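Going in written order, the chains are labelled A, B, C and D, and every chain counts its residues from 1.
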Amino acid sequence: MSGNTIGTLFSVTTFGESHGPALGAIVDGCPPGLELSEQDLQPDLEARRTGTSRHTSQRMEPDRVRILSGTFEGRTTGTAIGLVIDNVDQRSRDYEKIKDRFRPGHADYAYQQKYGLRDYRGGGRSAARITVATVAAGAIARKYLRERLALEVAGFLSQLGPHALACVDLASARGNPFFCADPAKLPLLEEYLWQVRKEGDSIGARVTVIARNVPPGLGEPMFGRLDADIAFAMMGINAAKAVEIGDGVAVAAQRGSEHRDELLPEGFASNHSGGTLGGISSGQDLIVHVSFKPTSSIPLPGRTVDIDGSPAEISTTGRHDPCVGLRAVPIVEAMLLLVLMDQYLRNRAQCGDVQSRTPVITRSR
Amino acid sequence: MSGNTIGTLFSVTTFGESHGPALGAIVDGCPPGLELSEQDLQPDLEARRTGTSRHTSQRMEPDRVRILSGTFEGRTTGTAIGLVIDNVDQRSRDYEKIKDRFRPGHADYAYQQKYGLRDYRGGGRSAARITVATVAAGAIARKYLRERLALEVAGFLSQLGPHALACVDLASARGNPFFCADPAKLPLLEEYLWQVRKEGDSIGARVTVIARNVPPGLGEPMFGRLDADIAFAMMGINAAKAVEIGDGVAVAAQRGSEHRDELLPEGFASNHSGGTLGGISSGQDLIVHVSFKPTSSIPLPGRTVDIDGSPAEISTTGRHDPCVGLRAVPIVEAMLLLVLMDQYLRNRAQCGDVQSRTPVITRSR
Amino acid sequence: MSGNTIGTLFSVTTFGESHGPALGAIVDGCPPGLELSEQDLQPDLEARRTGTSRHTSQRMEPDRVRILSGTFEGRTTGTAIGLVIDNVDQRSRDYEKIKDRFRPGHADYAYQQKYGLRDYRGGGRSAARITVATVAAGAIARKYLRERLALEVAGFLSQLGPHALACVDLASARGNPFFCADPAKLPLLEEYLWQVRKEGDSIGARVTVIARNVPPGLGEPMFGRLDADIAFAMMGINAAKAVEIGDGVAVAAQRGSEHRDELLPEGFASNHSGGTLGGISSGQDLIVHVSFKPTSSIPLPGRTVDIDGSPAEISTTGRHDPCVGLRAVPIVEAMLLLVLMDQYLRNRAQCGDVQSRTPVITRSR
Amino acid sequence: MSGNTIGTLFSVTTFGESHGPALGAIVDGCPPGLELSEQDLQPDLEARRTGTSRHTSQRMEPDRVRILSGTFEGRTTGTAIGLVIDNVDQRSRDYEKIKDRFRPGHADYAYQQKYGLRDYRGGGRSAARITVATVAAGAIARKYLRERLALEVAGFLSQLGPHALACVDLASARGNPFFCADPAKLPLLEEYLWQVRKEGDSIGARVTVIARNVPPGLGEPMFGRLDADIAFAMMGINAAKAVEIGDGVAVAAQRGSEHRDELLPEGFASNHSGGTLGGISSGQDLIVHVSFKPTSSIPLPGRTVDIDGSPAEISTTGRHDPCVGLRAVPIVEAMLLLVLMDQYLRNRAQCGDVQSRTPVITRSR
């Protein structure tokens, strides 16, 4: 399976570049009979859209998705769903002056060495823009999982540079440009990010996503582990440099007696594991964290080489997010939804008729 | 592709349980003509073997691998390589008393809910023992990559509970039971881990692995990213809860001007990225960190439920590692080798005849 | 990998229905640096287009393809190539009267039982129309294989109903609506097919496709056999009911001394095998035959059941090909091209540096 | 997925060579809870075993399979099932004299050109012997499908050289060395095949396999078609040169009014289609034919080249089947079982909760 496809049964293949005519996806394996229209996909696209606040790129893309196949009379037919989103606000001339030199920290150099040529306009296929198709696909998974399992996925910004951010009100995260679930911190973030941008710099961030009502049993031993699929999906997002499940990197300092989530008839006593045991969902809340590096396209000048290897200086102007982590929240949600949808179908295939004598226990988030 | 296979072109499928008669793997897609015998696989198996110090499980397995196919007159033929390792020191009676209750933090409960039944002897397929087949497979990749590319992969223990551990002498890591690359710290670790065990407890750890002489160009955009494949592979190891590339979780607090690795004609000025740019290897050292949770099988009693959901207490005796992270080092190495081997072949397939006009720059580790 | 994707490395995923707004494909894994524009794809699309003679459906589709991604300044970049072809001449009202009953021999009934609902307009996803995207993708493979290997793929109609057709002039096949390589037979075919249509009936056909300059070594043992991939691809074409390699069904009556193609230093003495030995290309011409059943949508009334299982009669009017086999020729070519492209890349991955001491022998077509 | 694996969800990966120490398979994705022991696999292995009559190779292999993993207390656990079958009757010296020359019609030459070296002992990985592992895996699928769906798969020899053979008594096919379902023809076949062998020659054959009680709905449009998977599986068998579904190559001469199987409330009126419509099972009997070329290893001398390309003569003695088609019957059955099992699980994944208002109709075999 080539590199633009994710998923074994609910599989999503995407195409498109930052400054090409359009982006899109083919969503294969969707169960038939799901009510689906463009309106169902638009809210997630809206959430990741640029140009909606001064804290994102000022590129103005309407991000209207069209469903080209796979539905009939308002329902999925079980055949491939074709999705297309047009690009309308490309401004390729911004990239003329950096077309022959590589932004440090950017994919520029690696693409050149791999392919021998590259579409330098807006980063081509390496741009964050390409995630728009993934988000549209994720919205289909969201609808199915919500309707059939009452499964809900929601993310929030858990760190912006030096500022750790709590989950005070998860539902509020989509209501502000920072995807911040701690409303009291908004003025601080506004001020902080504006300062970073004024300095011609960018900043990293960490996103946390939570899935509720995940049935126990999703995932398989070895290379089919639910957490492995999640790690794969998350590390496939632009700028991601770390993926953690549950307590994540903190587990290295934990004792076994502290980490293990005791089972009580009324539910798990804690949730250090983040919802997986042995690579299989336990029925607890699934908790995932992804750390994003700071944007590499910044005005502050840096040293680099040009296409012939000669020393050069670079300063990137144009329209860029000062923190890619912000708009990563809906992308992280989409990725988790795609993984859960695929693993749900895989589990139904193999274990669809299993009955366990052990009651399901789930309490503790 | 089902859950016991990893890799698209160099693909490894494994089988086996902790207390079954044998474990094994089929390694498919190996290039022909590689000199290969059992002796080439044994050192890596020896490195992850139990019973070699008081800090691991006392199960005594010789871990002798047999190559059942895929070689002829000492060379690989290009056909599937069958590997088998016998189990000889099972002691299943240890598990009789916990067969009807679930160890908190262990895969027990999740397996029961998914499959409706489980092989409770030694954890069955969820045991760390099953990684023996992966390590054998990884040794094949190691030999190929070393001979053809001079590519070297080596790991070490970078944290044990509260103790962070530097990489003072990477080559020394394989010479001690802690895989510690900071020899001066060994007495401290000995003392610390012995104390944990005496208390009937276990402890987490963090492993770091480094690949040198990785050619630039491995990996693909989107879902074929080298880092995504690495994250998938690492999170597929028992007890792994976090995967980081380069600066990992620290990037969330970094500025763009700080994180970006400047390119100079004589090499990269730093290596915050950990060797990938846009999901593609840059030619710098590849640096990966994996955090492991503490062993869940511990003598300290804990609360749980039994197979019918009734409250129960559990205390696990028998033979267990007090820190699964130690012996994870050769497993982490094997996983990285498998990913690199697969991505090397994938890149040769698509870009085998690419020539870039830009010179390769690599300095800075 | 779900059912709308073909190929491991050069992989093609398609979407679209007969009466939806558009059809398309994502072509993944194409090597970078190939000169490519819409003009390169149009000839193959033109070859399979309807409405160009009285012997095909009268639906008038321009079949103009747009490349939405994956190229830059006229060359492939190595990233996913998005292709879209708009539908413009749907006439869905033709299907109103059969929407609640199943055409015998058609996918109607099977789709209903599998999905519980179906897009009855023009057959939805089961229509021959959906192959337009495959043909566009195949044209990319054709260009690469022609330029890099001088590999050529060409097909012709080898049987129409009772009439077997020889390959007198392969190059002439694309010059007539029957894809007939025996020009002297054209008047007969014209007369015959017109008669079938006048009787309200349809007729089966057989297509033969030949690939020249296939390098030896493509394909792998067991489930990676070149012939297996070819069989899979061909049987995936609408209405295909048999796939033969070389002498095909005739081999059941052959003796070993007759079938084996002797090797002489100047080349193979014959080509009964059709270009593969042990599932691997021998360097001889690759010869494949595909038999297509007659169109099931015909005016002649037949017995069927309706959506509730009650007896009904059906007669299909509207616009249909009286022989789907004719226009199958470019589709069969496209499928073979896709398989060869994929296997070429797979072989380069595993065996890219193999040198055999045995000279390549190829004569005999 | 590399070339030694078949199946997306119920996936089988095999290894082993004709003269290596052992052959085997890993069967992944089997549903848990299936009663399974070696005794369940042995009958199918017995059916394909050599040395049981004078009409097969005289190699005496007991073909005892061992299950190394994936079962516990007599039931499948849902984890990977490891199977191993030892080779005990290799006689490699037979091959010394042909190790440097290529048998015409054999994989010898293609392997040499692909891999640059080959295991010439018994054909290595290209030997018919390697299908033993596939047959063992198929027996697992057989047990599941029989117990859960009452689905039965049975094959028979439908042609031996010039002799077409009817299906008079399908159940009798396994009772004779020819897998002949027309007992009256046995003396003729005995005589005929003995004559062929005496002449130092071999002969082709055709096998037919039928699956009963296949539920409607297995298979998917495009590249997931049930018939495509079947064609892939069958053409992956050694010596297969043609695969036909239903009326197969005869459809090229059929009229639409003749081929279409009319639907009546009490069942289909005929079965020309062979059980699939639009690539999806219709619920009718599935009928598949596979044509096998004659064995290429024969005593009759033939012209060839040696490893350096110089002209040579070859005559193959040793132990070979005079007709590989005979013992292909259990292999063809196994392949069909594997495909049906995989497609059954895939369908359950996507359409597990579909309800069609149309009653299932199935009569007519």
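Definition applied: contacts are C-beta pairs under 8 Å (C-beta built on N, C-alpha and C of every residue); 3 or more make two chains touch, one makes a residue touch a chain.
Remember, it's a predicted structure, so these values are computed and weren't measured experimentally.
**Q** Among the chains, which has its CA centre at the largest distance from chain C's?
**A** With centres defined by C-alpha atoms, farthest from chain C sits B.
**Q** When A-C is set beside B-C, which has more C-beta pairs in contact?
**A** Of the two interfaces, A-C and B-C, more C-beta pairs touch across A-C.
**Q** Determine the centre-to-centre distance between chain A and chain B, using the mean Cα coordinates as centres, and give it in whole Å.
**A** Roughly 26 Å, centre to centre.
**Q** How many angstrom between the C-alpha centroids of chain C and chain A?
**A** 38
**Q** When the centre of a chain is set as the mean of its C-alpha atoms, what distance in Å lies between chain B and chain C?
**A** Here chain B and chain C have centroids separated by 44 Å.
**Q** Enumerate the residues of chain A that touch no fewer than two other chains.
**A** In chain A, residues 1-5, 8-9, 14, 29, 32-33, 78-80, 114-116, 125, 221-222, 351, 354 touch at least two other chains, as defined above.
**Q** Help me check something: in the complex, which residues belonging to chain D touch chain C?
**A** For this pair, the touching residues of chain D are 1-6, 8, 14, 102-116, 125-126, 130, 159-162, 196, 201-206, 216-225, 227-236, 238, 240-265, 269, 272-274, 276-283, 291-296, 298, 300, 302-305, 307-311, 325, 347, 351, 354-361.
**Q** Spell out the part of chain C that touches chain A in their complex, as residue ranges.
**A** 1-5, 7-11, 13-17, 20-24, 26, 28-29, 32-33, 66, 68-70, 72-73, 75, 77-82, 84, 114-119, 121, 124-125
**Q** Which positions of chain A touch chain D when the two form their complex?
**A** 1, 8-9, 29-33, 78-80, 221-222, 345-346, 348-354
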